[in-house]
Amino acid sequence: MYNGWKILLGLIIFLAVATFPFYSNIGKATVKPEPKIDTPVINELKEKKCVESKEFMKAEHMQLLNDWRDSAVRDGNRIYVAQDGEKYTISLQNTCMKCHSNKKEFCDKCHNYAGAKPYCWDCHIAPKEAKK
Amino acid sequence: MAKLPTPDELSKINYKPPEKRWVNTPAEFKDGFWCFGTRPKYLQAVDMPNPREWKPIEDDWKLPENWKEIFLEGFAERLKKYRSFRLFMDICVRCGACADKCHFFLGTGDPKNMPVLRAELLRSVYRNYFTTSGKLLGKLAGAREITFDVLRELWYYAFQCTECRRCSVFCPYGIDTAEITIICRELLNLLGLNTDWTMGPVANCYRTGNHLGLEPHTIKSIIESMVEDIETITGIKIEPTFNRKGAEILFITPSGDLFGDPGTYTCMGYMMLFHELGLNYTWSTLAAEGGNFGLFTSNEMAKKLAYKIYAEAKRLKVKWILGGECGHMWRVWNQYLETWHGPTDFLETPVSPITGTKFDYTSSLKAVHIAEFTADLIKHGKLNLNPSRNDYLKVTFHDSCNTARGMGIFEEPRHIIRNVCNHFYEMPENTIREQTFCCGSGSGLNAGENMELRMRGGFPRANAVKHVHKHYGINMLANICAIDRAALKPLMDYWVPGVEVCGVHELVGNALVMKGEKERTTTLRSEPLPEKEAKENV
Amino acid sequence: MPTLEFEGKTYDVDEEGYLNDWQVWSEPLAGQMAKLDGLELSDAHWDVIRFLRDYFQKYQIAPMIKILVKEIAKTMGPEKGNTKYLYELYPAGPAKQACRYAGLPKPTGCV
Amino acid sequence: MGALFSFVMVILLVLLAYAGIKAANLQIFFGVVIPYAAILTFLLGFVYRMLKWSTSPVPFRIPTTCGQQKSLPWVKQNKIENPSTALGATVRMILEVFLFRSLFRNTKAELRDGRLGYGSSKWLWLGSLAFHVSFFTISFRHLRLFLQPVPSPVHFVETLDGFLQIGAPTFLITGSILLLAALFLLLRRFLLPTIRYISLPADYFPLFLIIAIASTGILMRYFLKIDVVSVKELTMGLVSLNPMIPEKIDVIFYIHLFLISVLLAYFPFSKLMHMGGVFLSPTRNLSNNNRMVRHINPWNYPVKARTYEEYEDEFREKMKNAGIPVEKE
């Protein structure tokens, strides 16, 4: 082996970087985040139902919110007609957060886990929650 | 001999490759492109394998029975010895950046002259025998067996590369085709497959120390003939010494400067300069060659031929070595010489006895390039120069491949030219300095039988000269390489008639006002100085 | 290897017709080489050939043109001591053509 | 031919993963076994190749000099393109590795009426730099799937990447750049006759593979909107060595993962090793200080050369007659 220490040093750095996710996680149990929906408002609902189905919301909530924003802010339209024909007021704070008042336990749980950083709260004021 | 096409015919080049894949297209030996195979006597003279009469154009190359084995064993050995080789076999991504950087591709349009493909010729063999993917996937992995057709192709294209390294400047991984060609030629030499023009100088150089085979008394008589000429021109008699022990400096230059015009005028320039300085230097008749055609043969041969440099410096007890204007000599000195034959503890760090400048950047090699030496003299105002004597010249400077890309000597010769000439113009920037184009005849290709290849390979260089010839009236192409001086002359006659070729120190010799000289009426070429002629005609 | 047949003898030459051994040379052979090129050798031609052979005998190499010109000027007068004169005698170039007739090998290297 | 073969190979790989999941339910195989095998092959293979190169010495110091050498004090040296120190060589390597300095020099030669001209040609440089930078950025962004909590630099890069703030999920520009750059590199190989002539299956295959990887990634994020939380469960399982297969991950994810695995496993056996190799290139990583420091060749061996004594023995009489001094009278 020639220029050994330089090449070895390079390889060690390479391996250290490439395997970083392994040794920084090894043995750690993975806990799947479970967004909580036990807010007082939701608990009082007779039928626990969001504006759309759970599956739809899971995959498309970001798109829906984006559309809502465009609809309300750009077109001035504040009425959303859901797939089942029901009408909702387009409002993050007054519609969504009314039920999901537990941002930390609901939104952030998955967002943090998946490393998603929506910029909702750049403009909107996050609901006040009891500090942990 | 093959008829050389006219420049008009030759400059119609088709760069579009054929539809048929290269792997299945054996090399077609075109007349005027290849050099004669080496004669057995040259191989015998230096104990190289398989001496016999053979002709590259014939189907029987009289190879040893086990030639494949020899070739592949040599291949394996060199993979172990050279990281450059192994790496360059492995990492090419075939991006094609090198393709139109090669003067041979630009001049021939032959796709196998793209550096990438020239290397692939050998890489395909490498994959077949030395990589897992090649062994498993064969043709799919771009692998192929070494067959006689492949060997012929390797030979044909290894001697269509001047090892100029221009492709290496543009390669994102610095892949140097010269390294690949050098090793390809080594492998071919294991089978006795060199060219006559390369091997002749090697054999000569081993016996007499120089490529031309000049014996000691011949060297002396040639130099004395130059001394006569200098006396005729300047009225000054200079007295060079040979093999003189105890001189301060050993001066070594390529033997082309002793034998061929216009190299001899460069040599006269050196000697006039040294005389004027009163330099305590000597010639060695054994080390009267800095060039090294061994480099175009094999590492071992190059090392053998380079032995004399330090050996003579030691025997003659000089303090340091001054090297003349030569391209591959300086690549060899800069990149190989001391690794082969060092350490140089019997020499001293060079100091200019005139200016006192210590050349501490060569504290280990202990050899100074004459362009550095002279540039230092001029910078310190130690030379009485009359650049107007060169007024009849409009000069441009050709950077030699080896000193450009294997060393990086750009400013020193330019500094000299600007001080000894009043009319100096650069060629376009993509054709000078590290991007300089080869003369087309380097690395032992400056034979007579491959003239079409040489004119084609030199086309990009000539093309740039033509440009400045047209725009500035350039009539002199200066350079610091003996092969250039020999090869650019026919190249200019072919492509840009009216442009002469010279070494930088010929210009120095012309401009140098020597103490006690008579009024000069001629140039170093013994041609009347135009202004003098004009005056006389008034 | 290429050969040249002359007066019942076979001479080894290289690819370009240069004798491989300068010592097997003879004057009639030189005449024959010239004849094959359609050239009749005059005394002026022979002067050059003889000078080349003498020079080679002494120095084991053909002289460069510069020296040839100078020496011819010394022995035969300055009107003949020029490149033009030599090219008139040997249109393919004195170095190449005259050396070949003189049986001398071609120089190699950085030339 | 090479292109078609490589294209078919990649399609087959996609179908293989699709069938493996849809028809055979081989989630564990494609979600755990293959990724582990691929990573292991990649790491070991990479190290092996580097070590293999390291066993060959660099017998001579042969940098390609691309600027003025260090010489006289008043001559301005190009300290980067013709470095005489380790620092200079390091800077040169950094420029080479991160900015593709040599490729930046690229020119295009053109022959017109028997005259050659050279135009600056930066497209290859731009295309490959875009390709590599986006590839690196995307890999780095993917750390969000392998680390918990997600470190702020990862967020930062993602924010930069999504600076256009288009749509939701936010449009990340590097994904498209990677796809476009790879298509550009592929089109070069199709359209430029000389490049087509030199291209091998080994050149097309990784391009098709990467195009497929980028496409599936884009599909997952913007169109099929797969459940990223489940994906992260799987990836975290892999890196914490507690592999598990969450339910209901769309098959597209397994295709994506399988293609990446193939790329990783293929890497060490291919030209992709230029990533490691570039660091070892002797024409770039050495300083041109030969005349100051002697370079040692570990296999330097003595050769039989002609000595002065032999030379004098042959020419002594001639030397004496010519008045050249000799050692032995």
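Letters are used for the chains, namely A, B, C and D, taken in the order the chains are written, and counting of residues starts over at 1 for each.
Keep this in mind: contacts are C-beta pairs under 8 Å (C-beta built on N, C-alpha and C of every residue); 3 or more make two chains touch, one makes a residue touch a chain.
In this text, all values refer to a predicted model and were calculated from it rather than measured experimentally.
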| item | value |
| --- | --- |
| Chain at maximum distance from subunit C, centres defined as averaged CA atoms | A |
| Contact-richer chain pair [A-D vs B-C] | A-D |
| Between subunit D and subunit A, distance of the C-alpha-averaged centres to the nearest whole Å | 36 |
| Euclidean distance of C-alpha centroids - subunit A vs subunit B, Å | 68 |
| CA centroid of subunit B to CA centroid of subunit C, Å | 29 |
| Mean-CA-position distance for subunit D and subunit B (Å) | 34 |
| Sites on subunit D at which at least two other chains make contact | 53-58, 280 |
| Residues of subunit A touching at least two other chains | 2 |
| Residue numbers of subunit B (touch at least two other chains) | 83, 215, 217, 221 |
| Topology of the chain contact graph, where touching chains are joined (line, ring, star, complete, other) | line |
| Residues of subunit D touching subunit B in the complex | 1, 5, 49, 52-62, 64-72, 74-76, 78, 81-82, 84, 96, 100, 102-103, 105-109, 111, 114-116, 118, 124, 128, 188, 192-203, 269-271, 273-274, 277-278, 280-284, 288, 290-297, 299-300, 303-308, 311, 314-315, 318-319, 321-326 |
| Touching residues on subunit A, where the partner in the complex is subunit D | 1-4, 7, 10-11, 14-15, 18-19, 21-22, 24-30, 32-33, 58-60, 62-63, 65-66, 110, 112-119 |
| Complex contacts: residues of subunit C adjacent to subunit B | 1, 14-16, 20, 59-61, 64-67, 70, 106-111 |
| Subunit A partner contacts - residues on subunit D that touch it in the complex | 42-43, 46-47, 50-51, 53-58, 143-150, 154-155, 158-159, 165, 167-170, 225-229, 232-233, 236-237, 239-242, 244, 246, 276, 279-280, 298 |
| Partner subunit C, residues of subunit B touching it in the complex | 1, 36, 39, 53, 196-197, 200-201, 204, 210-215, 217-218, 221-222, 225, 228, 254-256, 259-261, 263-264, 291, 293, 326, 446-449, 482-483, 485-486 |
